[in-house]
């Protein structure tokens, strides 16, 4: 039985003609897959795997983590601390994404080039703004946080700004793409009835894209909360800060409770987002 | 001689609606049977019961003497029954050839199935099937690039490769224009008739029914309204079949 | 359902969100001691900060780092290592997501088409879903902290932290693609006699793999940004050097590192966009 399938396999393999394989290399998708696979294999080869071993204290560390997992710290005093930290994270994240959206919307109008009539002004402003947006969003929010902290010192407002700045750039870029992708046909009708550029924007594009914008904005809200949790590493309050504190004292029971709270937070927002998306789709 | 099909007092209901009520019939091997009826009459359900994709609530269906309740989809069933639908039978992302060779999946193991995706195999059953349906020039194209009529011909080619004893067709040509419909129907006729294979097809075209089939069954609200040779089919029968009842 | 007549769910959500945002802003502004912020002292503080930063270049270095070839060379080398970590991470995440998404799709698991044998299919499905949710909800940095606690810091530790988080994201995205697929093609493959494994090979993979490829390229852009930050903790690449330079107040080195970081991110964005275009 195995022998027969071996013979069959060999016959089939002979049928894998060189021409077919070459055809695969030329067409786009398999080529990309091959490029990525090669890059991955190269990276596996170069990485220093001899450091991928547990450290000397590693096993006891795993022990501690497991112990904390099985015995979460549900004491009232700690729960209060944890809830406070969660609330702080929520306030940071929400404030930041709110500000980011408020900034991103007008920014996206400019970045999409849908405001200007003359081609020169449009291309000029678009490339300039997009370039700046690309620069701003290429810097991770933690690094923004650090930069702002160095300049302005630690305070909640710096944390919120550190999140809001890159997120507004991301949102602006995506929103402007949405605005640009609106098909021309419905807009032509508006323009022929005399609407100016701004009016086309308000009456034409926005009603078409607002659902996508809401949906994406919510997805970023979820990301922003995660970032807010991590932001607290550099000294601002929040879940991440508490996790670091508890970890330093090896109270993994507390660490897991904080992780659970974070998961609950993210899952709730995600659930809210999907409900929203579903109701928008109807 | 074993009957291809023996359907005995079969009923099927779903979500509280009785879709098939007490249907009994039998089909001899090699017969070509057309099933006519209005939408909602239960044609698709009946065909799915015959193809053993769903099991009757009451009654039994026997395919060549085997109870469909014992036949779960898989290798054995695929040797008995091949199915072709109106659309969506095939994998849009795969090439024409891979879609056709999928007819062999009942016979192949996993390893062979994987290898086949890569091979370009000249002169084998797949190429012959494609020749028969007239699509050899499109062997390696992605299926999504073919027209509706061409895709249905690929589905027929897959049936050729699968080589079942019976073919169940659920409105296979409903979305094609008359010329293409005729082409595809002829193909189905040519692969079943000469080999004594049974063809059972749901249709809504009178012309195709009279041209290609010997026997016609009328289905109305889940019951067999008539079961007669095609020659005896009259427009009256059709009117009664498709009429909307007062108490509907 | 009655409520939808009075006020629609999107509007309701929007109101709740604005309420939450207002409360959040109130809290933030309250805690930030804005009085001091907006008074003149901020400006003088800012000026002081700048002066201090400026002096720490001049007073501490004879030649600022951004003018020396060596520091640029070093930074570029670190950028390569960071790139390496990102490729390793996204590759691992993609691979494991590829292996598991079929079992994590509701229509396959419940419909009897899962690659796992009957009795365990639902169990594995739920387990995988929980796994996806947990791994993607916890940010990469926290994973990094846990990993560095048990394993030696380095390339693999950082890549692992990133991979774990992104595995959840990719796995869930792919499962959703499968769940949104047209069921009819799958059913018709069954009628050709295909087993579950063959159905997945011929019916599911051709649809999901191209999507997975696009998602991997999109995530790579995000991962490269986070790799630097994970490097803070996993002591690797640009991140590690960042932390060191920061702690010694060598802001000139920081400028070099920042420039390389931005360049790296922009390059990866460009390459990813190019590959995505090739793949469509």
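Each chain carries a letter (A, B and C) given by its place in the written order, and its residues are counted from 1.
Convention: a contact is a pair of C-beta atoms (placed from the backbone, for glycine too) under 8 Å apart; a residue touches a chain by one contact, two chains touch by 3 or more.
Since we're looking at a predicted model, the values are computed, not measured.
Set against one another, B-C and A-C show the most C-beta pairs in contact at A-C.
Compared with subunit A, the chain whose C-alpha mean position is the greatest distance off is B.
Centre-to-centre separation between subunit B and subunit C, using Cα means, comes to 48 Å. Chain centres here are Cα averages; for subunit A and subunit C they lie 6 Å apart. Annotation for subunit C: residues touching 2 or more other chains are 210. By the touch rule above, subunit C contacts subunit B in their complex via residues 182, 184-185, 187-195, 197-198, 201-203, 206-207, 210. Subunit B meets subunit C in the complex at residues 51, 53, 73-75, 77-79, 81-83, 85, 87-94, 98, 102-103, 105-108, 110, 113-114, 117, 158, 162.
Residues 28-29, 31-33, 35-36, 39-40, 42-44, 46-49, 51-55, 58-59, 61-62, 65, 90-95, 97-98, 134-135, 138-140, 142-143, 146, 150-153, 155-157, 160, 214, 226-227, 229-230, 233, 240, 243-244, 247, 259, 262-263, 266-267, 272, 275-276, 279-280 of subunit A are the ones touching subunit C in the complex. Interface of subunit C with subunit A (complex): residues 8-10, 13, 17-18, 20-21, 23-25, 27-29, 31-34, 37, 42, 45-46, 49-50, 53, 84, 87-88, 91, 95, 133-134, 136-139, 141-142, 145-146, 149-157, 159, 209-210, 213, 216-217, 225-226, 228-229, 232, 242, 246, 258, 261-262, 265-266, 269, 275, 278-280.
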